[in-house]
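Here come two complexes built around chain A, the first alongside chain B, the second alongside chain C.
Up next is the complex of A and B:
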């Protein structure tokens, strides 16, 4: 049987084990560690009593404080809603002109707009509303559905070609693949459309053939395109038909892109935001996107 | 004191073994015991839909590509998360997820409510090269999803496996899994009517990847991303916030 003894150098006891004269120290656990451990145990016991803790079949110990994370969150949401009603209510009730005339509300609009845009819109339309291929540019002066704030507000609520029951519907038919127009007619239409646009087209050299083609394209344009894009190509905000006479193209203005558009059609998709964003948020975003072009007439 | 007791236990192997079993059983019990009452503790969502074969295929690719390593699918009951992502996640929303993909880390944003937030085209372009649409993104590109034709041959077995762990797939769903997967991404297909009949009118039938000629892995992944958070409306109903705040559900999520 081994015998513990006090080590004369460290002052601690040994375990009593000995191997060829080598003895093992039995240094006690530091007191501070014991203290911390005990404090943690006491805290845990206190927590079990106060807070929801142990599972018991199909229920659990509720704790004496009656804390419930979901109720706590619901309370927080109600409080923050109440704090915000002082400006969300007027923004929801007033029309755009009245909001614009109210400097306090406009200060809120300017403050919240960029964050809302970045969280929800910038993914497609770019951080500054630059847009990109397939996603319309918002920081210019041309608007598919009009520059009226109420039109933009409507687009935000219902989307375009979205799942919303009242969605805006914009469809460029597939004239080529449906067999309505031949490849030749589409070629001449491309030339005509490029001729009315202000986009510089480098490759086209002015030859008689081109001029004839453009005339043929113009005839086809009047028959098939003018219904939506207007006779002069200025578009129609009633059906979201883009203006073809400017130099901005959602799907590209080169011959390849235009041929693809005419052949296979296009139908862009803007999600509906009615269920994700409140009316006041959508109004703030309307102000924000209208201000992106820097023209200064923040409506 | 306590160390003297421990000294005694250490010297008796049977007592020590029983002690170890008792202590580790506490951990096991806390994790396992709630599963026995899961039917009573998870809220019920009568409108809950099952994943279609195409969405399930997308989910498999989501797992294969390790999306869960950077994206969570779990909105916690914290105000800033609810403000940013939408209503917090309910246990029942993961009812048919085997395994669940709640994740534990967010390098990218939470995806629990991403369904129908952005367009199919956006998802496709974003997966091909995230920088094309979000210049500051650090997400890797997954351009092969658009190149790879979707392998539908194992979907039948996949649905069968899911039905064995409790997902209510009917025999017709299992038998026609391959055709249903193709039909969902091919609106012109004759099989669409059958797909809708089996999975309900809310099923999205679209050309998800923009290429109507082929059914690619991109079709599957986008179909899956667009259904996230949309299998049931339970989280969106105000009613459930008020009345379903029954204490049981919290524990079930914690298990």
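Up next is the complex of A and C:
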């Protein structure tokens, strides 16, 4: 049944088999394919001789080069650390003023800051430190815990309302839902707070009623708010109480947002970075966030 | 399942299964109520499931590729989730991957395997029911998988996301498929088994083994969707990538090589260039692919000796892979004028070229130092798409444009111009996609490993992501062109079936009787 025939085009014989019209030529395997296959086998055998390769029960062939990826990695990590300690050690030991006075160290601070910030901080505070609702803006001049670099370094280490034992704690009480203040008092407080901030609010048209309400709000403010936010509303960096007289609001400055803040309270969360970033990295980040506003305590 | 399930996702999955089962039962009932196949009809090839498989494949292609363009756009414009949980990237992406690999590719493989095994064995599928059980059962698996992803049901293993109940169902379907295929081969009226059938058989057999082992898991409850893998830690990772890479090997390569080995010589009307190369390539691929999976886990907790085996077998694998591609291209010797004039054959030629390109790229990326640059970047995505767009989809479309007129007994495809337009859309889309992803991947890889003199990172991850935006837009555009081409194919095939007149000399399906020569595509 199987009869070989010669293919007119290639001159090769067929195998004599046919499946629904498909035939096969009996062309020999090209020499180049055999050569490549041999080369690939030789490469593999060479690799097996030099490197860890074949399992032998509970061990394996170690390879004549003695290469081990874990040892290699550990070695690379040590070299990298040694390379970096020449500048991480001085940054960790010196205070901020001394670092600022050292041009070599400041060059490293400047080149390392942006990537550190974007990899660790930007997801909450924004790529340029613009912040957003619930996440404080970092590229302005107001600082919840003060503009002193050591204060910022402390916040980075222990966080705010975090799991760190020495965490900073900032808690805005829930005056409304705890029953301390009535809805009317909160309404008047909102009007008063809006009147002392520089935020433009369209709702506060000057009428007698609002003027009266503002006065009532001022009284309540002195009683319940001034303890943390200060009598003049300028805030208190000791307890992380925001300044209420500027035009920046973490949770929004409109009546709805302020009413929600007063009614249900707020307690933001900033993670502690002490165990995740080294001291030198936290110091670099301190310099970087202080430089974001372009005017403040620039490095 | 629908009533007793512990979680809402499981209940909805049950509802999907009940609905599909009712539809299938209804269909079976209407088939049963028709008269039994006559003795004369039984001497014909059984092509009805093939026709259904082609349509199902095209429907999944539309769905899977549309979702593909969507997820591509999501990476450039994340607001396109429209704030729906089901439209988030993590849920839509497996709908895309399973939709195109299993829905589009799987249905095309099942349909063409039924066609090839009958023609090359000169016999009919052994019974009426099991081909339908395999085809519809497989599509039920795809449907349960895709709807499950949207509900957030996944076991988080790439290309093996469906949960335990869907996996068990697929085992039943797949073993039926294997038995059906073996029974058909056993009935063959040819002395030898044709190469294409070796590949299809390897595809069916190995996918069964891979699927069963990688999905060994313990359900939390038989009334809930969640299960936990039998493996943990690096063993789990190795099992997954042994599966994952062999899914590429035996699903996306072996099966489609089977397709190539039948439709390319048939369309080119040329004998296979070398039977000996077929043998070397088949056994080379089948043996060596099994070892290559560990190259997905370079520089991880996986012991280095396993990585070494992954590198070396991946490099050796290149030779038989190129053997197959070369065998296909050399088969076209004497038919290159047809390649020039016939876009259908050109689809198959380009498929063989992309098969060669992507297998070279794969072996190259498996080498550890190259992998240290390419791993975790979009280069990997580009590599996969060189395979699935350039190789898998091209061979499927070339095959469908040949197969549709053959099994529906039409004179020709509805529009040859549309095939030509599809070809250029597909090749433009593929090239735009690949160039975008190569650039994106290498840019990412380099940005991630660039250090300042002080030893700190120069770029943040965010910067590398922002840098991807133009490439992601270009990728979505390339994918869109490919989708439009596939839509043209769907339209063209539907119009062929509806409007192209029957071929004059074939009034019914080719007979399988030993005395009569099967015609159909023999004369096409």
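Here, the second predicted complex is superposed on the first by the 267 of 299 C-alpha atoms of A that agree within 3 Å, B and C clash if a C-alpha of one lies under 4 Å from a C-alpha of the other, contacts with A are read in each partner's own complex, and residues count from 1 in each chain.
By definition in this document, a contact is a pair of C-beta atoms (placed from the backbone, for glycine too) under 8 Å apart; a residue touches a chain by one contact, two chains touch by 3 or more.
In this text, all values refer to a predicted model and were calculated from it rather than measured experimentally.
After overlaying the two complexes on the shared chain, residue contacts for A:163 are found with chain B alone; chain C is out of touch.
After overlaying the two complexes on the shared chain, residue contacts for A:60 are found with chain B and with chain C alike. Taking chain A as the reference, the larger set of touched residues comes from C, when chain B and chain C are compared. Look at A:270: by the touch rule set out above, it reaches chain B but stays clear of chain C.
By the touch criterion defined above, A:248 lies against neither chain B nor chain C after alignment on the C-alpha atoms of chain A. Once the two complexes are overlaid on the shared chain, A:76 sits against chain B while remaining clear of chain C.
When the two complexes are overlaid on their common chain A, residue A:124 makes contact with chain B while staying clear of chain C. Shared-chain residue A:224: touches no atom of chain B or chain C.
Once the two complexes are laid over each other on the shared chain, residue contacts for A:44 go to chain C alone; chain B is not touched. In the superposition on chain A, the residues of chain A contacting both chain B and chain C are 29, 52, 54-55, 60, 68-70, 80, 119, 122, 127. Contacts from chain A toward chain C in the complex involve residues 1-2, 7, 9-10, 14-15, 17, 19-30, 33, 36-37, 40-41, 43-44, 47-48, 51-55, 60-61, 63, 67-70, 80, 83-84, 87, 108, 111-112, 114-119, 122, 127. Within the complex formed with chain A, the residues of chain B that make contact are 3, 30, 33-34, 36-37, 40-41, 77-79, 82, 84, 86, 88, 116-122, 125-126, 132-135, 236, 241-242, 245, 247-248, 250-251, 255.
The touching residues of chain C, counted against chain A in their complex, run 119-120, 122, 190-192, 194-195, 262, 265-266, 270-278, 280, 284, 299, 303-305, 307-309, 311-313, 315-316, 318-320, 322-323, 326, 330, 333-334, 452, 454-463, 518, 521-522.
Against chain B, the residues of chain A that register as touching in their complex are 29, 52, 54-55, 57-60, 62, 68-74, 76-77, 80, 119, 122-124, 127, 132, 134-135, 163, 268-271, 275-276.
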